[in-house]
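Presented below is the structure to which this report refers.
Chain naming follows the written order as A, B, C and D, and within any one chain the residues start at number 1.
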Amino acid sequence: MLYREALNRAIDECMAVDSTVVMLGEDVGLYGGSYRVSEGLVAKYGEKCLIDTPIAELSIVGNAVGMAIGGLRPIAEIMTANFALLAFDQIINHMSKYHYMSAGKITLPMVVRFPQGVSKQLAAQHSESYEQMLAAVPGLRVFAVSDVNYAYHALKKAILMDDPVVFIEHELLYNKKGDVDMNADLDPFKARIVKEGQDVTIVTYLKMVDDVMEMLPELEEQTGKSYEVIDLQSLNPIDYDTLKNSLEKTGRLVMVEEDHYMGGYGAQIVSWAAEKMFYALDAAPLRIAGKNVPIPYNRKRELASIPTPETIKEEIKAWGAENGL
Amino acid sequence: MLYREALNRAIDECMAVDSTVVMLGEDVGLYGGSYRVSEGLVAKYGEKCLIDTPIAELSIVGNAVGMAIGGLRPIAEIMTANFALLAFDQIINHMSKYHYMSAGKITLPMVVRFPQGVSKQLAAQHSESYEQMLAAVPGLRVFAVSDVNYAYHALKKAILMDDPVVFIEHELLYNKKGDVDMNADLDPFKARIVKEGQDVTIVTYLKMVDDVMEMLPELEEQTGKSYEVIDLQSLNPIDYDTLKNSLEKTGRLVMVEEDHYMGGYGAQIVSWAAEKMFYALDAAPLRIAGKNVPIPYNRKRELASIPTPETIKEEIKAWGAENGL
Amino acid sequence: MDKSIAEEIYALMVLGRKFEYAAKEHYMTGEISGFLHLDIGQEALSVAAMKAFDHGDVFTTYREHIMAMSRGIEPKAVMAELFGKSTGVSEGQGGSMHLFDPSHFFYGGDAIVGGHIPNAVGCAYARKFKESEHGVLVLFGDGASNSGAFFESLNIASTWKLPLLFLCENNQYAIGTKITRVAPFLEQRKKAEPYMRTMEVDGNDALAVYECIKEAQEYISKGHGPVFVEAMTYRYEGHSVSDAATYRSAEELEIWKHKDPIAQLKSVLQDRFELSSSDLDEIDKKAQETVDEAVTFAQESPEAGVETLYDHLFKEVNHVVS
Amino acid sequence: MDKSIAEEIYALMVLGRKFEYAAKEHYMTGEISGFLHLDIGQEALSVAAMKAFDHGDVFTTYREHIMAMSRGIEPKAVMAELFGKSTGVSEGQGGSMHLFDPSHFFYGGDAIVGGHIPNAVGCAYARKFKESEHGVLVLFGDGASNSGAFFESLNIASTWKLPLLFLCENNQYAIGTKITRVAPFLEQRKKAEPYMRTMEVDGNDALAVYECIKEAQEYISKGHGPVFVEAMTYRYEGHSVSDAATYRSAEELEIWKHKDPIAQLKSVLQDRFELSSSDLDEIDKKAQETVDEAVTFAQESPEAGVETLYDHLFKEVNHVVS
């Protein structure tokens, strides 16, 4: 099934088992969601559970917080990451803090979902990534799942658990195909080893997992080395154990992310490795990330502003050569 | 003069030389600003230039963007960092992007200022720091100046230059005393070496500079080592050259920041050092940062959630001992 | 209006005022810290609205001690919260601005101006969804009535016909800024007129507030959608205890002190309900005792230790810790 | 109404529609990408408003090709922008949604619904500050009329008495959602009534739009403060070219096609101003030529190279680069 179908399935099943699960957002009801994630659900659960909202992102998240206080399990959909900025007050000042500030008296079982990243020429106001901001907020759990099967299980977990979750998707993943095993017992808080390897650990997440896997056969062939690829899945908390085990084996770290280099999420991973794994590292780590520019409309420039399979491969090769790999 | 007086002086002088400089925000006019930064200015320049706004942060920044388009040089004041979240759409989707998206046709000579950080028991919705989010936005310049003299010069530069600037202050710095040399020719884009040293480079900024300097004599005495303290001042761009020179000399890096450890701004500095200075480092770097919790009201817990001179000193000593300093 | 209700409201108003003065006193000693927003002068509104709105959820702002107590939260637990003690209503995590008690359906103390209004809208949606008897009351100031969060909420609550009572406490000032300098008119209810029924009430007249909120509660509970009540009032103290309030004239303050809500209700109790001065003294005395007890309780209570700093960060404990 | 103005408006409407169809065609070939929002069916409003508002700044949305051309920006420069070429009005950095040209006082193409309205408010403040002749026009949709940014702007523009013309293009849909499902009423001008004068106009009647905007422009330029104009209209195409618009009935679309703005103005030109069919054919022909030239120009123009990726990130070049 497609990635978006897996998300749809997860929401559908949660609504079936728990009548307090509702979803709200722009065009999520009759229209079925702008990326078709909620397609068909309004016919099954009605407009009471699939709530078309005005274009008012602050309220979408703010209302979801209130619904959770009132005993529902809301899933708030924001059409695109850039619009989530309008809801940052509600996400950061309210959703992330009420449980702690109330000493646990208020519980917010809710999810905020949105797609992010560079799709195709949507320009600067529709192409950004905000995991570096949201994963840094205490009191939130942040998922960014690349695998279709894990996406299904992670979203179910996010909806049915009692803590507030930000669930980040990528516009280019919605039509990705994959098998979903509904009975699998998966832990979305654990990082996923996509491919085992001996010489270098590549840490990445979301759409970059696919870009890394795309160039990997060539990279391995051209360098004669073997690379371990880790998909973080949960950006907060970070499964440091899995990273540690891998780095102890390889001694070399490459971090790949789509977002801008300056202050990007990967800085946390690399700085952690420098602090806690310094003596296990055999070489300087490498961060591959987007350029520090707003995303241009022109396709060539757009592609030049983010990592692609080709540039990832070339950067790793150059780094390997410089660092005695 | 006091830090807040230095800021006042900078604004005053800019308004005196350029009649297009205006300041807007809640209580900035008749009240003189909640931290008294604009005190007395309305009497000199009138309500046309000191604009009291409604409580509508999105509009405060959004209006400032439009004022800049219309030929003014607005300074937008947000009372506290947490409220700036309401304006993140305008800061990130508009202020940072119009110049680039328009291929330079639109210019936004504007400043957004706000204080941040833990003051005294203001609780979770009034105590946060957002430099990690804003310094990561391409198209913005971000200052966070600790020194009174530099604060004066940096704010003048920010107001009179043509690029959009986020100017971050700290609630506990406003009453800090210092001398201002109006004729000095200072470059606020350069990091400031607060104290020279040989064995360890401590990188920090804003209020933590003072906390580091407070414990430094004891630390040096107790460890018998000499520490170089660097105040970043400009968080974007980063003056990597100054850091590089220092690390080449000391081979050891400690990064101190008040914000939460997870994804904090310091991760960028440490990850950069790991990437670019790896072979110059003699030991694992250390990041000292706040705990990953919203800031509690209770004073003891509040203090336990952020670095203090005492904990900074103890963490550095323990790290030094573990890393053969 | 029942005598016993009037008396109960009066007793809470007296308690409230004494509580606020005690809080101020212990702020000066340093036992209380942070921002402390006193409700003195506005007791009629805070108490009578809570008493009238007897079934439903309440969302309010950082100026909420008296509302919390009127909802039934123990004065001790409120004072201990101000002292940052673990016996406080939010165990010292929140302080004066953040008093949460779902067992009293009280979600009080949001410190983001306007930020709690969308939360109240969502809660009203949940109540309607569950076909509950509960409606929701959301209190906010004249300053909050300029925020995007407020405006979006008027529109949404009206579209969804929610059982939501918007209660605007118009004390004419947002910190140092007079409302008429940052809005085109004094009466904030005009903003709600395109969307819903509006009502106005003298916020210093406790019994009028009581009747008005009762009527509004009945209206929303009948499924007519939201309603907007505006109450004019005035705070005697500065915005918070660190504000000297030099932006207002002494005359303006005097005018309002002549309309003092406690004095007004006192006359009514004496004239209409024939309470004797010894009855009134008794109320006073009991209030003072309660406040003194609350202070002693707060002083003697323990602080939460720093070893539990990570408690309540999440409800579900995860095996992977960041 | 002057004949030459009516003719000019008609010519631009015809040009606009042909331009939009050409853009759609070249989207299908892949030469244009991203989001492409067509203005077909709404040409009367887009053209006549721009022609009437002849001195002042214009802030608008992502559905702005026709407005940009009506403001005087070359069709070539607009088409080249859609193609992502360096000869485009934003040098290919912005694309269809971001056409900026301060030399024509056109700040068009914000892709954050409602996000440009506070910018327009600020610009109007600057114009008033400088005692300029300029007022500001801000165009937005029915969907944007639910956003906090919009509501805050009504309040602020009214408080500051700014020379700002709010122009609501009510085409009844925000992507797939009918406005009456997410607002309590169809007429969005009701939201502005507490704050300012409101006017309504048939958005498909170009001459009526022209007269109305002229009147509104005069009103704001006289210092009366802001004004709100609502124009009802309808888009024939989906929200963007990737939307099949299955949420509307064929009948509804038909009803609106009977009120086609170009056909309406054509009759007026024939009946009232006695244009011959050869005059009209000539206009058609010229429009087609202009569009064809624009496409050829766009196709033949160069793309900006990736080596200039960092150009225009900042205006002031700093010695320290991040």
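Things to note:
We adopt the following convention: contacts are C-beta pairs under 8 Å (C-beta built on N, C-alpha and C of every residue); 3 or more make two chains touch, one makes a residue touch a chain.
Because the structure is a prediction, the values reported are computed rather than measured.
Between the chain pairs A-C and A-D, more C-beta pairs are in contact across A-C.
As a whole-number value, the distance joining the C-alpha centres of chain A and chain C reads 40 Å.
A straight line joining the Cα centres of chain A and chain B is 29 Å long.
Mean C-alpha positions place chain B and chain C at a centre distance of 36 Å. Touching two or more other chains at once are residues 90, 92-94, 98, 110, 112, 146-149, 152, 155, 159, 181-183, 313, 322 of chain D. The multi-chain contact residues of chain B, meaning those touching 2 or more other chains, are 53-54, 56, 58-59, 82-83, 86, 89, 93, 100-101, 123-125, 138-139, 236, 262, 292-294, 296. If you draw each protein chain as a dot and join the dots that touch, every dot ends up joined to every other dot. Residues 26-27, 30-31, 34, 52-56, 58-59, 82-83, 86, 120-126, 262, 291-294, 296-301, 304-305 of chain B are the ones touching chain C in the complex. Only residues 33-35, 84-85, 90, 92-95, 97-98, 110-114, 143-144, 146-148, 174-177, 181-183, 247, 303-306, 309-310, 313, 322 of chain D touch chain A when the two sit together in their complex. Within the complex formed with chain C, the chain A residues making contact are 22, 48, 51, 53-54, 56, 58-59, 61-72, 74, 89-90, 93-94, 98-107, 138-139, 141, 161-163, 189-190, 234, 236-241. Those residues of chain C lying in contact with chain D across their complex are 146-149, 151-152, 155, 158-159, 181-185, 190-191, 193-195.
Looking at the complex, you find that chain A touches chain B at residues 58, 82-83, 85-86, 88-89, 92-93, 96-97, 100-101, 123-125, 128, 132-133, 135-136, 138-139, 236, 260, 262-276, 278-279, 281, 283-287, 292-294, 296.
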